[in-house]
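Below, subunit A partners subunit B and then partners subunit C, in two separate complexes.
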Partner chain A sequence: MTYAAEISRANPSCFVFLVDQSASMSDPIGGGARQRKADVVADAINRLLAELSVKCAKEEGVRDYFHIAVIGYGHTVGSAFTGPLAGRDLVPLSQVADKPARVEKRVKKVPDGAGGLVETTTRFPVWVDPVANGATPMCRALSRAEALVSDWVARHPDCFPPIVLNLTDGESTDGDPASAAWAVQTHVSADGAALLFNLHVSAANAVPVTFPDTDSALPDAYARTLFDMSSLLPPHMRFYAMQQGVMASDKTRGFVYNADITSLVQFLDIGTRATDLR
Partner chain B sequence: MFTSSLRVPKQGNTLRECEDAARVLPASDPGTWLAEPVFAAVADGASESLLAGEWADLLAKTVIDAVRDDECVLQDVDRFATALISAGAAWGEWLADYVAEREANGRPIAWYEQPGLDRGPHATVLAARFETDSSQVTRWDVAALGDSCLFHTRDDRLLRAFPVESPEAFDNSPGLVNAFNRDHALLARHVRTVSGGAEQGDQFFLCTDALAEWFLRETARGGQPWHVLCEFTRSGDHDEFAAWLEKTRGEGLMRNDDVTVVHVDLG
Partner chain C sequence: MTTSPSFTWTSDDEPVRAFPSGAAYVEALQNTALCFRGTDLAGAEVRVDALGRPRAISGNFAGVFSLTVSDGTRYAIKCFTREAREQAARYRAVGEHLARLDDDWTVGFDYVSQGILVEGAWYPVLRMEWVEAVSLIRWIEQNTDDPAAVSHVAARFARLVAELAAAGVGHGDLQHGNLLIGADGSVKLVDYDGMYVPALAGLPAAETGHRNYQSPDRTASDFGPEIDRFSSWVVYLSLVALATDPSLWRQLRDEDAEHLLLAEPDFADPAASFRLATLTSHPDARLRGLAERFQEILLHHRAAPPPLEPVEPLEPLDTVRTVMAPAPVNAALPSWMAERVQPHVPAPPPLVRFNRRAPALAVLTWALSVLLPLGVPAAIFVEEAIAVADVSALLAWTAITTLGYRRQPERSRARDARAERKRLHRARLAAAARATRLDKETRKITQEAEKSKEVHDYKRRLLQQRHNARLGAHQQAVKQHLDRIDRDRQTSLARMHLEEQRLLAVRQKEHLRAHLAEFPVKTAGVEGVGPALTTNLEAVGIRTAADFVGVRYDVQGPNRVAIFVLVDGRGVRVAGIGEVKAGRIDQWRARLTVKAANNRPTSLTPAEHQPIKDRFAAAKGRLDAQYKQVLDEAATTTRELQAALRAEQAVLADEMKAANTATARIRVDHDRAVAEATVVLERARQAAADGNTRADAFRTITYRRYLRFTLTGKG
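And then the complex of A and B:
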């Protein structure tokens, strides 16, 4: 149980993203940004998939170090991919990278080297569109993730443990999700138990929290439930979190409240890191 | 002196996917005695970089050419940093050709490649020079940035490990030369150099990190890993070396990573 297994094409791991697509996701996120929660969550998924693809890209294409499922839950529970991958669950990362629904051009501001900012366009692939419709069957979604994880570790017994990332506003409508969340984490490879992390997007106007080791700063019962459901960060992930300025301890959990979770990709080891000298 | 080099990809990868590089001048087979100065370099491209193997090869080639043109490059961190920046300039030209070729072949750069190309590849590098005078004393100079290592052995002893001296010092974030880094002072600050003398019969091994870590661990346990390596380098038998690596990795004694060794045998 070391979370140190090599991640390779011969010994890949998997990511299961659970995306809350319930009606409440049409509400704005807190903090005055006025962005809908559904937009924030879709953006987060698309960024995570893009970051993961870039991390695993080599000159011949993206290597299948991971297989990816994106499960939406709201009006129904099922694949949230749009475009060519619609309807599929676990997809090799190379296919994810090659088959976004579309690649948008987005404008972003970057430093101009003289103390100012200049606008530039970047390519932004999209696999998941914002959806807000129906109830919040989080327990069913977690059970779906559990089935995928269970099957994966049976077929890849030595893999780096699967990671399930749940992106939600936390308002489960089909019961207390705690036991379904625990069930996900009971599936183990030789390297450790499956990990369940949560991104909570909330309309509450509270301070963002990133990878906390206590629920004391969390504003409501939904956030505290999601915190309790989240796995402890394995030691190497704590190390990378600390490198990013998080005050991580052995009680730090894979939970983020109204903040960016793209840094999660940087917690994954696929070989020598391309770090710049300082 | 005799020279030989072996390069084996990590388990599961093809040789074409190996992101280590080795260059030795003059080029020769393991059985040919060289009386002239020998120049050798190894470089190890970072797994997370795009085109890391190509960069490692260009870096090793550029640095070794610089050392051949000016032997002081290995004794002076500033001159070595200048050689690293020259390699970066050469990379810019290489990359422009690569991108044009991809376009011409109907395979333009994909969205997921662009950030990696913009960032530029990263690699460690270690270069050395060996010259034997008429009294059979060999002077050697070495410079390195990152965790590729040189080992100097005599009979049953490891005389010098450079720049890493302990197996615990290896991690997955070594110092790396980025192809777009033009910060001369920063590069120079990370370069390490050392020089020394050697006798006839001494052995030198230039190794990339996984093999170097194994070498130091075996030495710390009282072993003499240089004798193990000599079995393969003297014959130059790539397949035997690959089979031994597979077994050693399988026993958990070595990380699964690309492996490169250059052996300089003073005879």
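And then the complex of A and C:
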């Protein structure tokens, strides 16, 4: 059975985030919101990193169940970390958790449980800042991810397969990304091939699509290409996705269109097993 | 403390609602006045991490946070990240059942359905008393070198298992994270999400436990007081093994591994399990016996294991407790442990000596040694037969002493020890040879993987290059074709322009002639050209300015003669009109011509233009259609080429994936073999050294020494 390897400190896995930082990311997202795509994507990465840190926190602190790389692509292709981790590629999760660039105090209004709204302040760690500059060298970014993944599985041949998550507005400027995407997925551990998931942020004012099993609801060719190059959700992730209310089938791909992808972290299985999959 | 609950659902589940993620709880807990609004936890102080955010202890299905309320009471608050069916009812049943027990392993809890407010919705929490204790793995790490303490915890654990069974309780997820060891060696059991109590009979299990502690055959339908049997064997065997041989902690598991000495792969395939084999072949008979029993369970009773069979009868709790008193360590050890507890460098065993001396043999030997030197002179001087008797006596003595030596119990023990030393030495050499061979293989595997990668990279580049070449050739051909059509279009356009220019020229000429024709010579009033000359001009056909196009002058002898050039190009002389007058008439025509030019047509009228356009439109349409067709076909071909490339790339990707999968499997098997070989070698070295030491103790057990012993009584 594949995608069943235990994720542990002795046998860690890795996450490679690819962040589109091209000029077009300064456009607003669709749906009348005034947020820029670059803000949405940076927010998504920061939330994912916070979520992973919490998921892997144990009594003595955050455990290195994963090593994390965040690669930005736009004007250049390289580490997108800011702050103490700037310039680094794969970083053990415990260091990521300890070393954000800063912790922002964000004020927001939340329901008070009695029908009203109340203002509250939360601490929001930031590792990646929004950037929008230059072209969209997605193929080069995928190649960089491929190199990291290939090296990782050579060193951890029995690990839970690495996960590459690409956050983009879709339009590659250095060629057809499909080939580079497949190349990423040719790198395997004994537990299965590396997984490539995509988050597509788009100004095309369309309905959000979360983990679809067909491209029929997708508005354009970019979305369809990204859907095509996304990996199928492995069985146990599908199982947890269904528990989170996602209608997942065996054709469901790791693709999200204009929607939240942090739920992905909840699809990960650390230590405990889901017996009914056997 | 740690919790790691897990839930499973059956297909008849009611629709699930998404629960907040761990990070969502961390966010909500930054304002405890809000998230616990209306409960006595409102405003409680939450333990934070280095970033000042609530510090979680996460399991797969919940996070636990430490909160301290105003009176100083500290709680562990468990927040669930996935919905569990009938959770409240299960906890109520568990709570009621545990309340009736008087066991010291329990931890008090309170299930609060409307426990925490997250983004406007209420979710349940489990409020537990905070336990000052560490999880089993951390405790073992701190106590590996204290076999007495480990042994005590093993005994305490066996007692806990018996207590659970007596109470009709099944915990469901016995594992290192849920077994907490207090500073006094007490054992607490936490995380009751999957607990069975009699009131829950008939329900499916809410979780199936940690993979490294559970039978591969366990399913959600296994839910009863016996659900902990398998995991209790796993924990107990590990603890007994560690108390017996602490080096196993390092040898049988990776640092940071999330299991004790055995893990899921050992349960799934016990026959191939190195770890299990190490335990079942351990020099310590007690451990070996326990491991063999568990191996038998794995092979034959994995789905329904028998209850734990502790190696020592369970002592009353109080007795076990006293073990932890800081008494002399060895004094309080269970008997099976005492012999194994040794300092790091064990003292060599005492030298073995002979201790069974046969007095008759001693006398005989003394007699012979005294008498034998006399044998030769006696044979020479007295009787030859004495020599024969002498030799016979010597032979007989040799036979008797040899037999005596062989009968010495020390001698057979020495032989065994030496044979064992030889065997262990050979085993060590074999282990070393295997490690060396595997080392060589490592290099080979790396090289082959690199080669395979190079080959595939090359194939990938080749594919792209071929595609680029095909695409380039295609684009070139298309360009040439389009250029040709473009040239045809240019030519056609030029031809149309030319025709238009020609027509325009004709129209301009007609305009000029019509204009000039409006000016008769007779009304021109050219100086010196009266009616007579006008008549002469008319005689040659020049009536208006339109009737001639110019004047040229021929030289005839001394005179220059003016010759009018008619419209048809003929030259005529006009009687009476000489050079001067002809010049004036021509100037008159030239002036009129200039005037006419000022308002001549500069372009064709649409009516004139249209027939020409129509004539060329068909050709242009044909060419435009051709152009578009070439472009369309080119786009189709490009798409086809792209699709062909993608298909080829997909095939290659599959090929690479297959090759990489094979490499990964080889690597995994190889890495495991290397790790195991390293442990085997380490253990073989130790065993060989021990064998040497043991054999060395018999170094005085030789025939020569035996003779000396027989003579002197000194070993």
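Note that in this section the second predicted complex is superposed on the first by the 265 of 278 C-alpha atoms of A that agree within 3 Å, B and C clash if a C-alpha of one lies under 4 Å from a C-alpha of the other, contacts with A are read in each partner's own complex, and residues count from 1 in each chain.
The working rule: a residue touches a chain if its C-beta (ideal position, glycine included) is under 8 Å from a C-beta of that chain, and two chains touch if they have at least 3 such contacts.
Predicted model, so just to flag it, every value in this text is computed and none were measured.
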item	value
Contacts of A:S8 with subunit B and subunit C, given as first, second, both or neither	both
Touched partner set for A:V16, first subunit B, second subunit C, both or neither	neither
Which of subunit B and subunit C A:A248 touches, first, second, both or neither	neither
Touched partner set for A:A57, first subunit B, second subunit C, both or neither	both
Touching partner for A:G113 - first (subunit B), second (subunit C), both, neither	second
Touched partner set for A:A190, first subunit B, second subunit C, both or neither	second
Partner contacting more residues of subunit A (subunit B vs subunit C)	C
Subunit B versus subunit C as contact partner of A:T262, first or second or both or neither	second
Subunit B/subunit C common contact set on subunit A	6, 8-10, 50, 54-55, 57-59, 61, 97-98, 103, 123, 125, 269-276, 278
Complex contacts: residues of subunit A adjacent to subunit C	6, 8-11, 47, 50-51, 54-61, 63, 97-98, 100, 103, 110-114, 118, 120-123, 125, 150, 153-154, 157-158, 176, 178-179, 182-183, 185-190, 193, 240, 242-245, 262-263, 265-266, 269-276, 278
Complex contacts: residues of subunit C adjacent to subunit A	1-2, 4-6, 8-10, 15-18, 21-23, 25-27, 30-31, 34, 37, 49-53, 55-61, 63, 81-83, 117, 119-120, 122, 134-135, 138, 207-212, 214, 216, 218-220, 253-258, 264, 449, 453, 456, 460, 464, 642, 645-646, 649-650, 653, 656-657, 660-661, 663-665, 667-668, 671
Complex contact set, residues of subunit A against subunit B	6, 8-10, 50, 53-55, 57-59, 61-62, 97-98, 103, 123, 125, 269-278
Interfacial residue positions of subunit B with respect to subunit A in the complex	11-12, 17, 44, 46-51, 110-116, 119, 121-122, 172-176, 178, 181, 183, 186-187, 189-190, 209, 256-257
